[in-house]
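Both of the next two complexes hold subunit A, though its partner changes from subunit B to subunit C.
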Partner chain A sequence: MSVQTMQPGARETAAGGPRQRYFYPYADNGGTVVAIAGDDFVVVASDTRLSSGYSIYTRDQKKTFQLSERTILGSTGCWCDVLTMTKVLRARMQMYRHEHNKAMSTGAVAQLLSTMLYHKRFFPYYVSNVLAGLDENGKGIVYHYDPVGHHDPGKCYTGGSGGALIQPLLDNQINYKNQENVTPEPLTVKKTVSIIKDVFTSACERDIYTGDAVAIQVITKDGITEELFPLRRD
Partner chain B sequence: MSKSHRMRGTADGCRIVSKIVPPLLFTPKLDCKSFDRFGSNMALQAVCRVPVKAHTKLDLAEDETLEDLKSVSSILDDHCSLQIPRINGLENFLTDENGKEMKIHFAHGTTTLAFKYNGGVIVCADSRATGGNYIASQEVRKIIPINDYLLGTMAGGAADCTYWERVLAKQCRIYELRNRERISVAAASKLLANMVYNYKGMGLSMGVMIVGWDKRGPGLYYVDTDGTRTPGRLFSVGSGSLFAYGVLDAGYRPDLTDQEAYDLGRRAIYHATYRDAASGGIIRVFHMKESGWERITEEDCKDLHERYAAEKPETSRPSDEKYGVL
Partner chain C sequence: MMWKIPEGGHSPLVFIKIPMFLCCGHLDFKHLTSTMDLMPLQASQPFDPSKYRYTGPNVQPRQLPNTRSQAPITTGTSVIGLQFDGGVMIAADKLGSYGSLARYQNIGRLMRVNDHVILGCTGDYADFQFLRDIIDQKMIDEECLDDGIVTRAPALHCWLTRVLYNRRSRFDPLWTTFVVGGLDDDGKPFLGFVDKLGTAYTAPQIVSGMGGHLATPLLREKMEGQPPLSEEAARELLIRCMTVCYYRDCRAFSKFQIATLKAGSIKIEDDLEVKGDWEVAHFSKEHA
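Let's turn to the complex of A and B:
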């Protein structure tokens, strides 16, 4: 489909004539989110660069949202959709809290987010979501979403512009895919955080929308700790 | 805003009853609104005549916020009300102001099959979900339990299938509670077909098989978003279905033993994963019997490839030097 433009200085008829209107509902603001689950912890990390086209809006916007004591959502893509989606999600979680007198569990939030995304099936949120948290037994779980709400539980998922660069590396290192004669070791927080730092350093070398810093958050039963790890700012 | 919603205790046209009447003392007369809405709220109200949110007292300002919130997430109260945007031609708006093309790739699911034989129904599926050229997941569950004796499969849009089959599970459960008997496979597939028919032409993509066991014996229906709903003996759905049909039609007999039937289904999906780029991952086999469904095996198609290759006699395996790398 071609877009017709009015030439500058074109003659305008008295009646006006048909005019092309422009409407760009979506924007791609970039960013990458990674979440890795262990036996009793989850690590969620996102870069902190927000961009549009070839410009950087800010170097200081992390893409993770703490929804409760045990659940963190990482969302990236169109930033306006991310903000609205998380606002509605938080409001719904608060309503649940008031009605049931307890916080929503991670599994419940996962289903709620899926339904909310499907509500806009015909004009989707352009958002890539990764939800991570501890389930009722304290075990770590990560969910990955497509733009209209199909979700999958798993051990490690990525989302965003650099997601496709990072996911194969995680499949190999965390899930031991395509490795022969390897004994799986249980994952520790320290090893996971070090993998995340390596993975983001590699991704920001090859993806223009990933960089500046990584905000790493670790959820354990004792609470959530946060770390900011600097990356290349170019 | 009409006045009706401000009156405390009124909800959608139900009469206000001043005291709670125990359900055993009268048979509730369900008005047509509650049939239409199919919400669990309506079921509760119809049986007990208690408006569900009567105990919350909201003043005017909070009520409006709630209305705004509900308009943005109305799907949580009525599962069949998706937001219909007033713009049409969303495909025209997929570039942003910089001219970059936004790729909204939904996860698509790909090869599933089901067939009836003398021992019941076998359902098999792969587990790959692709979003464009990217493999979003290799471990998707494409055979979705609706209840203990009904299964649904997933092919086409993954979110469409999982969402509508979940709504179907809710409807089937409400049917059981209202009628005190299990829903038939024909009725379950009809419910699903009617739900998606409302959105015909709007871009939903779903090719689902409803498999179950009811009073008439084993049941197998194919339902899709074009409005098709057909019973049958053997179906395969998805991008790899053509490959699966070849193997399935060649080996199918109604008098297969259980093990032969599992093997046939498994092989058919394996051949589809071998030749179709959009199929792969773990091959799952389920068996629908009179006592309900049972998960039989879940094997990675890579392991199956090695097993089937080893089954061929040594001489018939093409060697790399003679035929090149396969």
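Let's turn to the complex of A and C:
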């Protein structure tokens, strides 16, 4: 009689069967990730707040994972899935390294992540991914994922709880959408970092899961540099 | 997942191997719940499910309801942990609640894992006891290996995360939240949190359960942006938090324990009690 909705783990009972409660395997731990690609660099940034409901677990957890010298993954959403997915991804990258005697390129990681996510199509990793890195020619590239592996390359993408607040602004400022009579200028690292700081400051005003600090990482051919920029803690 | 039961007699302790490997598609072990009782206790080989399937006439695959526990029964409330200068300190009260009944009033929810790790558990007490036995056996196995490697707090934290995540992925969670404390490989204090979904993080102060709402603000106020606390200041802060939790958490209890870990020593103080100030009761007509 207790007809459950189509949630994983639920069973329809026949009339008078044992009644069950089901357990929900996901949680939303918040967080926002942004990545912007330039001609010879990529900037990846994430806030550092990990939440659960109205509580803050910690103010010091960044959502970016360095996968190699040239590739950084930003993942937010269900934190238990984020941890597991990145652990498995790193293991797979190590296996590739041992098999092919070279590190995985950004494009290869992008494809691998996509297949990994689709492999769990019927019990997904509840994660928003943004993969950023330098391709073989040293040009910056950003990929955006849905929870089951659809991915798209592009110039700038956001993910996470504040993603919807930030993406329209970046479309306008980075991709010059809906602007008339404007000459596109090539992006510099300085301008990009400045834009990132602005968008996060705005997003954390309106999104309760975004705040505390932004960890901004810049990938260039010379390596990866990191900066921590404080945000509102409320 | 492989269940290996050691040869030569009853052992209540089982060695669980968790393949933290590829995210493979679901291997469906649901039929094991009905055929598990056919498995001999002293198996010398891993259990082979294909040998135990009923193949006679009138076989109808019955959709059995999921009989795994989905709710905790005997539970412990908050565990409060904080780092201080040179170590970590964890406190938990001694109550096992049976719903709203304060049923078991002298249970220990803190555990000394080995010389380098302490942990506390919130949630279902039976699941804690289950994992406690497994962890104890792990420590014995490690000592027998005698290779100079000891499990430290970050390693146990990681292992617990994997175990709890795998259980949640099989829709059979261990309904527990752990606070793991110790020193990491560099000798710096480490405090980690793992919940029943496998969500894990580290922080200078960690509170599980209801105390997350009550004690976390008190801890952060004293610790954020400050130099590390001394051991005495940490202990005082912890007792203050336990007091506030006792005032405001309906499932808390006045008797509690504190476990302190510093380089080279672990101390578990038992029989501590929240005194509390109940003067305010006189303001109420009923208690005048």
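Following the convention adopted for this analysis, the second predicted complex is superposed on the first by the 212 of 234 C-alpha atoms of A that agree within 3 Å, B and C clash if a C-alpha of one lies under 4 Å from a C-alpha of the other, contacts with A are read in each partner's own complex, and residues count from 1 in each chain.
Quick note on the criterion: a contact is a pair of C-beta atoms (placed from the backbone, for glycine too) under 8 Å apart; a residue touches a chain by one contact, two chains touch by 3 or more.
As the structure is a computational prediction, the values presented were derived from the model and not from experiment.
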Using the touch definition from the top, say if A:154 reaches subunit B (first), subunit C (second), both or neither. first
Is A:61 touching the first partner subunit B, the second partner subunit C, both, or neither of them? second
A:123 contacts which: subunit B (first), subunit C (second), both, neither? both
After the superposition on A, what does A:88 contact: first (subunit B), second (subunit C), both or neither? both
If you stack the two complexes on chain A, which partner ends up touching A:27: first (subunit B), second (subunit C), both, or neither? both
Looking at subunit A, which of its residues have contacts with both subunit B and subunit C? 23, 25-27, 52, 78, 84, 88, 91-92, 116, 119-120, 122-123
Mind listing the subunit A positions that touch subunit C in their complex? 8-9, 11, 13, 17-18, 20-23, 25-27, 29, 50, 52, 55-58, 60-61, 78-80, 83-85, 87-88, 91-92, 116, 119-120, 122-123
Interfacial residue positions of subunit A with respect to subunit B in the complex: 1, 23-28, 52-54, 78, 84, 88, 91-92, 95, 112, 114-124, 126, 144, 146-150, 152, 154, 164
So in the complex, which bits of subunit B are touching subunit A? 69, 72-76, 79, 82-85, 87, 90, 92-98, 100, 102, 104-107, 129, 131, 134, 136-137, 139-140, 157-160, 162-163, 202-204
Looking at the complex, which residues from subunit C come into contact with subunit A? 20-23, 25-26, 63, 65-67, 70-71, 161, 165, 168-169, 171, 173, 193, 195, 197-203, 212-213, 216
